[in-house]
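The two complexes that follow have subunit A in common; it is paired with subunit B in the first and with subunit C in the second.
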Partner chain A sequence: MVTPGEDRKAVRAEAKRRSARRSATIATVSTIVVIGGLLAFMVTRPGWSNVHQLFFNWDEFKKAFPQVLKAFVIDMKLFVIVEICVLAFGLIVALTRTSVHPVLAPGRLLALLYVDLLRGIPTILVVYLIGFGVPALAIAGVPTDPLVLGGIALGLSYGAYVSEVYRSGLQTVHPSQRMAALSVGLTHLQSLRFVVLPQAIRNVRAPLLNDFISLQKDVALVAILGPQEAYRIAQIIQGEDFNYTPLLAAALLYFAVTFPLARILDRMNRRDPAQMALAVR
Partner chain B sequence: MRLSRLVSAALLTVASVALVACGRSSSSSTSTTASTTATAAACSKAALKTHAPGTLTVATDKPAYPPYFENEKPANGKGFESAVAYGIAKNLGYAPADVKWVTEPFNSSYAPGPKNFDFDVNQISITPQRAKAVDFSAPYFEAPQALVALKSSDAAKATSLADLQNTQLGVQIGTTSLTAVNDIIKPSKQAKVFDNSNDVVTALKQKQVDAVVVDLPTAFYLTAAQVPTATIVGQFPVPGGDKWGALLAKGSPLTACISKAVSELKTSGELAKINQQWLGAAAGAPKLG
Partner chain C sequence: MTGTPVIEVRGVTKAYGEHEVLRGIDLRLFEHQAVALIGASGSGKSTLLRCIDLLEEIDDGDIFLDGEVVTDPSVEPVAVRRRLAMVFQAYNLFPNLSVLDNVALGPTHVHGTRRADAREEARVLLDRFGLAGRERDHPDRLSGGQQQRVAIARAIATKPRALLLDEVTSALDPELVGEVLAIIRDLKQDGMTMLIATHEMAFAREVADEVCFLHEGAILERGDPEQVFSAPAAPETRRFLRRLVAP
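Then we have the complex of A and B:
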């Protein structure tokens, strides 16, 4: 026995399914036409055999990939260490900038100068200036290892960006939250630790992850200081063979790491569209 | 569900196009250095199909270093490679005023697509791998490698390549020196690889590296002018030799003529004269076994 209501539900469900199937088909066809068209346009150009030979050379890829992969370990180690430092350092800078105590006034000024300066200089120049400038000072005990100096440079540059993300997060927490925490007997530090920071950081997870992804790629910049990390190895093989395919191998590795992170970021944003605006800088 | 179907459709497209592309690759098999079988008539100024008619456009990188170029002005005819370029021009019937210089970074000199120069002289080593992407003229120079170390360093006391095992070496990317380090010296510490020779020199000056490997003429300039506290420890050959040639677009109609010009400069003794004038000091460095 089928009631009219259930019947209508079934019809409606069937119609919905049909419409979904139709849009899937249209999406598929349109994707094939657009992407296939672009690729077809590329491969039918007169210069394509050159491009194929120099950028998409399978033999060259097979030769380069294992070497680049081995060197990629350096990038990953550097990335993890720098990221941890950046998360800690950026928070300290943000807390200093948002502090109100008069004794911290010089700290606020320094933090402001630091953020403005480092955000205004291209990261590659920061890496270069610190990587070659610090050893030039010849201070005893200061490291000259390019990975250490490159790491410090990246940390300083990204610390500035990340501190701004934290600061915007701190500003999303209404002052009444802190007042309430203080009124129930929490100290200033406790209210920060248990009330303000958890909310602030949760609100800026997405933009933090965005900088995380960005840093993951920018570790390749330390190559200019000499260490043989993935990008440099790729460049070395490129120069030896006059072939750009090794760069593609390196690109693939960076992509393999950033892609899942980008997907996670996307999901986080979809759950909370209000955060999208913060992820853009 | 919809997304995954879409993705798989896109992948299928990519894969099918890639298959088509793979099928074509065999057509671009390559010959190595072009043979010199050009006749005098075909190599006259009137017959040459140059980038700009009536002008010989020659490229090099910027900055252009001594002893290959002087004062960063390739057009002044001073420095080894500048002199070689003008020698080639003269041989082909171009007056010095018909030679135009353009800047071409090393890393884009071998990029596919049309070139904005007729030939490029930039201490570029000829290798069979590279000859797949570009044409090379007959070689105009062959350079041994040299080790340069700060006089105060342990590396300065080395008498053989084996003594350099624990040395922190520095080299420039894209150079035969780097190949020499990796294939011959094989140091236990990974060499630092810099973008350009300025950075190599800076790193040596600031003791970020113990020693650097460069070609011998560069070593003489480096120790004489750039880092007086450094010394040439010794020279060593690269297996197969390090021959420099002018770089031309793959399949360039000029390759045979440039090669012919270089060969004629060689037989006439002109090239030896240029060599003596600009690289004369590059002899007598002790040999490292």
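Then we have the complex of A and C:
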């Protein structure tokens, strides 16, 4: 004889399984309908054959892709170098802004001006102004290479954003942590180094990575200064062949780098959705 | 008690804006002595401890450590804090460090002890406090009682002249209070000089050499624990103790 307890347990488990199966089926069907519908809508438009020829041209893709890929190496190098500089520079700005030491008073003012100014100007304008403005000043010893200047412009623009991310991270660390560090006998600098900063950075890993992803795409902006990076090369080939497929090849490359970073970010931010939703019907 | 007190507080006042938190505190803590500070929440116990550890600045008066004034603006506060240690109500362990590194951080960076030696000493301390095997855990994996024991280990790892305890059992579940009090009792037996802000009256009575009752920023009554607890002189003390016994 089955006891009532076991019986009901089995019934509940079966109901749960059925509900999970139904959810999976609905999700699959709705995905196919929506994505298939969008594709069908696109290819049935009167202009599709034209678009297919101009944007999705396989021969053009095969021809352009190797050149674009070669130029993309410049983007990647620039991205890595600028990102490292941004992480260091942003931290210095954030620490200056949050310091209370009187010696740093002018630094605080400068940092505040810098952040307000650079966050208020579109990145493309910063690249343009620095890329063409600095060489025009003709200061001895200052680089005139457009790639270097473009990198500096991107670094300044992103440094402002990243410094604000760090600053919000510093604010997430409760003052009692600093108090405990001081009571142990650490200096202010040691408390920052061993106690406050590690916690602050840990708390803003996700937004830092978000800016990281954003910069990875924005390196294409240096193209307006002339360096032949991926976007610029794609544009040149497009101009020669009257076909937009090279630009799509460039887009694919940026995407290929951004996508895994975005997945990592997602994983970092993930809470178990089953935990977030109330686990009852 | 004779000789130079380890800690001496003379006429200390402290206000947050209009609100006077400490109103002329005088206190002497001698070597191997334990003084208990009792009083309602907001009576100034925590503020007094933080002022002694130079985590807050006083408005007036003086604080001496081994006879030297430490509240003079010319005194380097870091050097003073290194000679004292504090345990907080909310533990305030460093969540980014392992239990072992929480304890070893001070000796490594304050006294320049070699990292390996500091860790070995930390291991011995943790073992003594019943935390062997938890060295590599991060603080959030520990119970409140365990965290507070780590905090006490962290405090005494720097071999302080005196230990300042700020209501160290107030945040604990009742069944965890005992394990923390046992350690403090143990330290007292070893001769540790302690200033203990506490709500545990039975414990204060048992461990303290002197009890001070704080009321609205002033010490209203002080004396032998037996006398303060069984025959309090001030009406405020009587009222405070009565409220604790029969809430």
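Rule of thumb we're sticking to: the second predicted complex is superposed on the first by the 255 of 281 C-alpha atoms of A that agree within 3 Å, B and C clash if a C-alpha of one lies under 4 Å from a C-alpha of the other, contacts with A are read in each partner's own complex, and residues count from 1 in each chain.
Criterion: a residue touches a chain if its C-beta (ideal position, glycine included) is under 8 Å from a C-beta of that chain, and two chains touch if they have at least 3 such contacts.
Quick caveat, the model's predicted, so the values are computed rather than measured.
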*For A:181, is the partner it touches subunit B (first), subunit C (second), both, or none of the two (neither)?*
second
*Should A:31 be classified as contacting the first partner (subunit B), the second (subunit C), both, or neither?*
first
*Determine, for the superposed model, which of the two partners subunit B and subunit C contacts more residues of subunit A.*
B
*Mind working out whether A:49 is in touch with subunit B, subunit C, both or neither, as first, second, both or neither?*
first
*Once the structures are superposed on A, label A:92 by its partner contacts, choosing first (subunit B), second (subunit C), both or neither.*
neither
*Where does A:194 make contact in the superposed view: on subunit B (first), on subunit C (second), on both, or on neither?*
second
*Is A:242 contacted by the first partner subunit B, the second partner subunit C, both or neither?*
first
*Who does A:202 touch here: subunit B (first), subunit C (second), both, or neither?*
second
*asked:* One more residue to check, A:20. First (subunit B), second (subunit C), both or neither?
replied: first
*Name the residues of subunit A shared by its contacts with subunit B and its contacts with subunit C.*
none
*Which bits of subunit B are touching subunit A when the two form their complex?*
2, 5-6, 9-10, 12-14, 17, 20-22, 24-25, 27-28, 106-107, 110-113, 127, 129-130, 132-134, 170, 173-175, 178-179, 190-195, 199, 202-203, 206-209, 250
*subunit A partner contacts - residues on subunit C that touch it in the complex*: 50, 53, 55, 78, 81-82, 84-86, 88, 90, 92-97, 105-106, 109-110, 154-155, 158
*Tell me, which parts of subunit A touch subunit C in their complex?*
176-177, 179-187, 190, 194-195, 198-199, 202
*Given the complex with subunit B, which residues does subunit A contribute to the contact?*
20, 23-24, 27-28, 31-32, 35-36, 39-40, 43, 47-58, 132, 135-136, 138, 144, 146, 224-228, 232, 235-236, 238-244
